[in-house]
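Order as written gives the chain letters A, B, C and D; numbering starts at 1 within each chain.
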Amino acid sequence: MIEMQQVKKTYPNGVTALNGIDINIDPGEFVYLVGQSGAGKSTFIKLIFREEMASSGQIRVNNKDLLEMKWRDVPLLRREIGVVYQDFKLLPKMTVYENVAFALEVVEESPRQIRKRVMEVLDQVGLKNKARFIPDELSGGEQQRVAIARAMANYPKLLIADEPTGNLDPDTSWEIMKILEEINGTGTTIIMATHSKEIVNTIKRRVIAIEGGLIVRDQHRGEYGYEV
Amino acid sequence: MIEMQQVKKTYPNGVTALNGIDINIDPGEFVYLVGQSGAGKSTFIKLIFREEMASSGQIRVNNKDLLEMKWRDVPLLRREIGVVYQDFKLLPKMTVYENVAFALEVVEESPRQIRKRVMEVLDQVGLKNKARFIPDELSGGEQQRVAIARAMANYPKLLIADEPTGNLDPDTSWEIMKILEEINGTGTTIIMATHSKEIVNTIKRRVIAIEGGLIVRDQHRGEYGYEV
Amino acid sequence: MAMKFRTLKRHFKEGLKNSWRNSWMTLASVAAVTTTLILVAVFLALVLNLNYIASGLEEDVQIKVLVDQTANEEEIEELGEALDGLDNVESVVFSSRDEELQDLMTSMGEQGEAWGLFEQDNPLNDAFVVTAEEPQDTVAIADVIIEDFDYVDRVNYGQDVVQNLFTFNNYARIVGAVLIVALVFTAIFLISNTIKITIIARRKEIEIMKLVGATNWFIRWPFFVEGLLLGILGSILPIAVLFTGYYYIDQNMGAVNQFDFIQLLPFTPFVWQLAGLILLIGAVIGVWGSVMSVRKFLKV
Amino acid sequence: MAMKFRTLKRHFKEGLKNSWRNSWMTLASVAAVTTTLILVAVFLALVLNLNYIASGLEEDVQIKVLVDQTANEEEIEELGEALDGLDNVESVVFSSRDEELQDLMTSMGEQGEAWGLFEQDNPLNDAFVVTAEEPQDTVAIADVIIEDFDYVDRVNYGQDVVQNLFTFNNYARIVGAVLIVALVFTAIFLISNTIKITIIARRKEIEIMKLVGATNWFIRWPFFVEGLLLGILGSILPIAVLFTGYYYIDQNMGAVNQFDFIQLLPFTPFVWQLAGLILLIGAVIGVWGSVMSVRKFLKV
């Protein structure tokens, strides 16, 4: 699903966030991404759906070479990937419903299909009754759940979540984890950046630890931790 | 420090977020605010520095009646309170340094004093070397720490933090908690909304649990939990 | 770019919704478009009418060919026919010396009557009044007449005044045309600049749309619709002002009787054409400004 | 509002920094201010000069008082003194009947010479040429002369033409004044509207500042500075265009010799005054637009 070879990322301001990443993630895997604040987790994630371009190295996602890819083809790549952004990135003028529907409209789904699916995912994250609200009228955790709903609406082959439980209480967090596990069960690859020791140590999956722009640990059914 | 009597808050869209809150928080206390996503924690916090106005009831902060207060006097109230917002609320065009300095400029601190204090708090949250970056160039956790630095820069009498460790790894979280405890040691009242069972159960303080707009538990040296 | 019909429908709905969602910005943009187009409308109506009035003045210019007093009737007739045969001449009218004196006396008013005493000893010439097809050709025709024709005593067309009139009108026309072009470009710039600012304010939204997998065209279409709506909404008031204002002035111009000599462009079709132009400018610039401004934020 | 000097300094620095931080918006706003003010400058220069030219034409208007042919020299002299004593009269010049005939012949050109034969039998009257202090009073003075004076045969001031000229000029002045006022208001509106849009785009920032404890004045001051900068930057190009353009036209007007009769307003002080006005409009509207637009986001 994802292959990276010697991937480096230096931001325009000179900060090198990733400094030689080699990794292989197979279809259907469930991967935790752990690491200190500023380690490079979000940068790693942004490279996968080409929000950012790698400065050097090789990235293949879904057998597409991201560095050779034409601008035109980027939307097609993104439609196969559902992303929960660390800062949510909801469209502020649209209602919760419209935000989620947007992800289905871009693939020209039929309106009836859209209506059905949107209410379905909103129900899953417990926000069916807030469909007509705009993001500013929601609590932090509710906004985060809208972002989760949008990411999974389109049955993506790959679902990337950047700290999807950062603003959620433990109960809601576990519900979200249950949903992610279910989705993973249908064959969707999942990559999740997280700071939650409890989740990583309870639901044991592959753990990739990033530290100072390098992968310092890559362990199947691993424990939380990012020390070398 | 804070007295609330029968405080209700209904948002313009008809959602009642708080439904009769009675509470007393004394100067120098350290209070955890816990509750499910959407319970009303952030709303409770917003009432204290009058980002939102209560719909009915009585609120006194620092012996000031917030509902009788003139618009003119609101900035004076806010200067006595440091706030870490759940969504950070950093000024996007200003550098990290300028964001923190702003909180000192509004009280017309001397430029030399400002320079000294800003670098001091940035050092405390571990971002001294990112002073010249703008928020967009920071990771989620780094942005959160800038927000923390800004909140404490002005030696506020009351420091309110809305999930200040939501985007931080455990190690950094503990460091932040250490800082908060130190500040609390100097007499500053601290109110902190959090979802971290680990923190609440390790550093035992007063725990106020909100559920459905009501205080369902108020316990000194309490455990994490919000069931009735 | 092949697109399902329901997607097109979606884009139109979305464009209208967006105008509504950003109602503050929409209002401000429409206000800017409105004021700018009112400016264009008023100015165009003014300059085009001035041009029309100037043309009217030029129409009145005639060449008076004074016939040599030695010419006999046959020769005068020949001269008349020859003048008639000239290129670019619209009409040739004969005016006898007696008629000329009468005209002169009339034109001099009361003072002229004093000259009535001298009717028996009329010192004036017979004359042909020649009107050019194109007023602009007057001077050239007059020159030809002087050079090539016999029995012509003098040619009179108010040389100084007419030359001045034409030169002045030509300069005025150039200035008017330059001002119109400049104003229209200014309007285009102001409108698209305003739209650009509103879209800079929405760059984050555009970026999010791209991140969710929208193609450039998917994002552009609602902006296209928004721009169109903006342009059309912004044209309504200018067109209304144009219609009522022009109607009012057209009506009252007749009442102010000193201005018989000023003839405005007829309401129909002039006002309709101008209204069409205003709407066109509004709509085209609205669409163009929107789509162009979006472009630079699509590279995400 | 008592403020430490270092805080004022801080606000100026912050205002300049903000313009730089929002460079896109600043650029777009300055562009809008620039175009609008160029429009105002060009239009003001045009209308004020047209008014000046029209006033020039009016200056030439004179009243010719034709003296009764029965009046003797003493009576003529009395009449002259009486005319001189009239209110609002600038000058009274005597012109004998012989001079009058000479003038008439000259003004008629070649054709006039034919009338030279009748010099011995001059049918014209002696005349006084009266010039009013204010051209506008001409008609009133003429009426007084007709009614109250003896030995006046007729009074001649090109009644129809002059009446038309004054009426036309008055209407033109009203139209010009209305257009200027409308244009200036349009400019004010467009500029403040543009600024408003840029500030709507920054409402979140203003809200954050309020939440951090900034007073309304603390937030307003940098916007004041930004608005001032915007207005001044936006005035530079219009003023440059005004100076070079006016200089160029002023120079070349003399060269186009057909236009001797057109006299432009003198470069100094006219252009300087206009430039000052432009700068004033830019700065005042810049500041006013900024501070006003911020206002509605301060209630947090």
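Here, a contact is a pair of C-beta atoms (placed from the backbone, for glycine too) under 8 Å apart; a residue touches a chain by one contact, two chains touch by 3 or more.
Just so it is clear, the model here is predicted, and its values are computed rather than measured.
Taken together, chain A and chain B share no touching chain. Any chain touching chain A that also touches chain D appears here: B, C. For chain D, the chain whose average C-alpha position is most distant is A. Between the Cα centres of chain B and chain C there is a gap of 67 Å. Averaged Cα coordinates give chain C a centre that lies 24 Å from the centre of chain D. Rounded to a whole number, the gap between the C-alpha centres of chain B and chain D is 62 angstrom.
For chain A, the set of residues touching two or more other chains is empty.
Those residues of chain C in touch with two or more other chains do not exist in this structure. Judged by the touch criterion defined above, the protein chains form a single closed ring in which each chain touches exactly two others. Chains that are in contact with each other form these pairs: A-B, A-C, B-D, C-D. Taken together, the chain A residues at the contact with chain C in this complex read 49, 51, 71-72, 74-76, 78-79, 83, 85, 89-94, 102-103, 105-108, 110-111, 150, 154. Residues 24-25, 28-29, 31-32, 35-36, 38-39, 42, 110-111, 114-115, 117-118, 123-124, 154, 156, 163-164, 167-168, 171, 179, 182-183, 186, 189-190, 193-194, 196-198, 200-201, 256, 258-259 of chain D are the ones that touch chain C when the two sit in their complex. For chain C in complex with chain A, the residues that touch the partner chain are 4, 6-7, 10, 18, 21-22, 205, 208-215, 218, 299-300.
On the chain B side of its complex with chain A, the touching residues are 11, 13, 15, 34-38, 41-42, 86-87, 133, 137-142, 144-145, 162-163, 166-173, 195, 197-198, 226.
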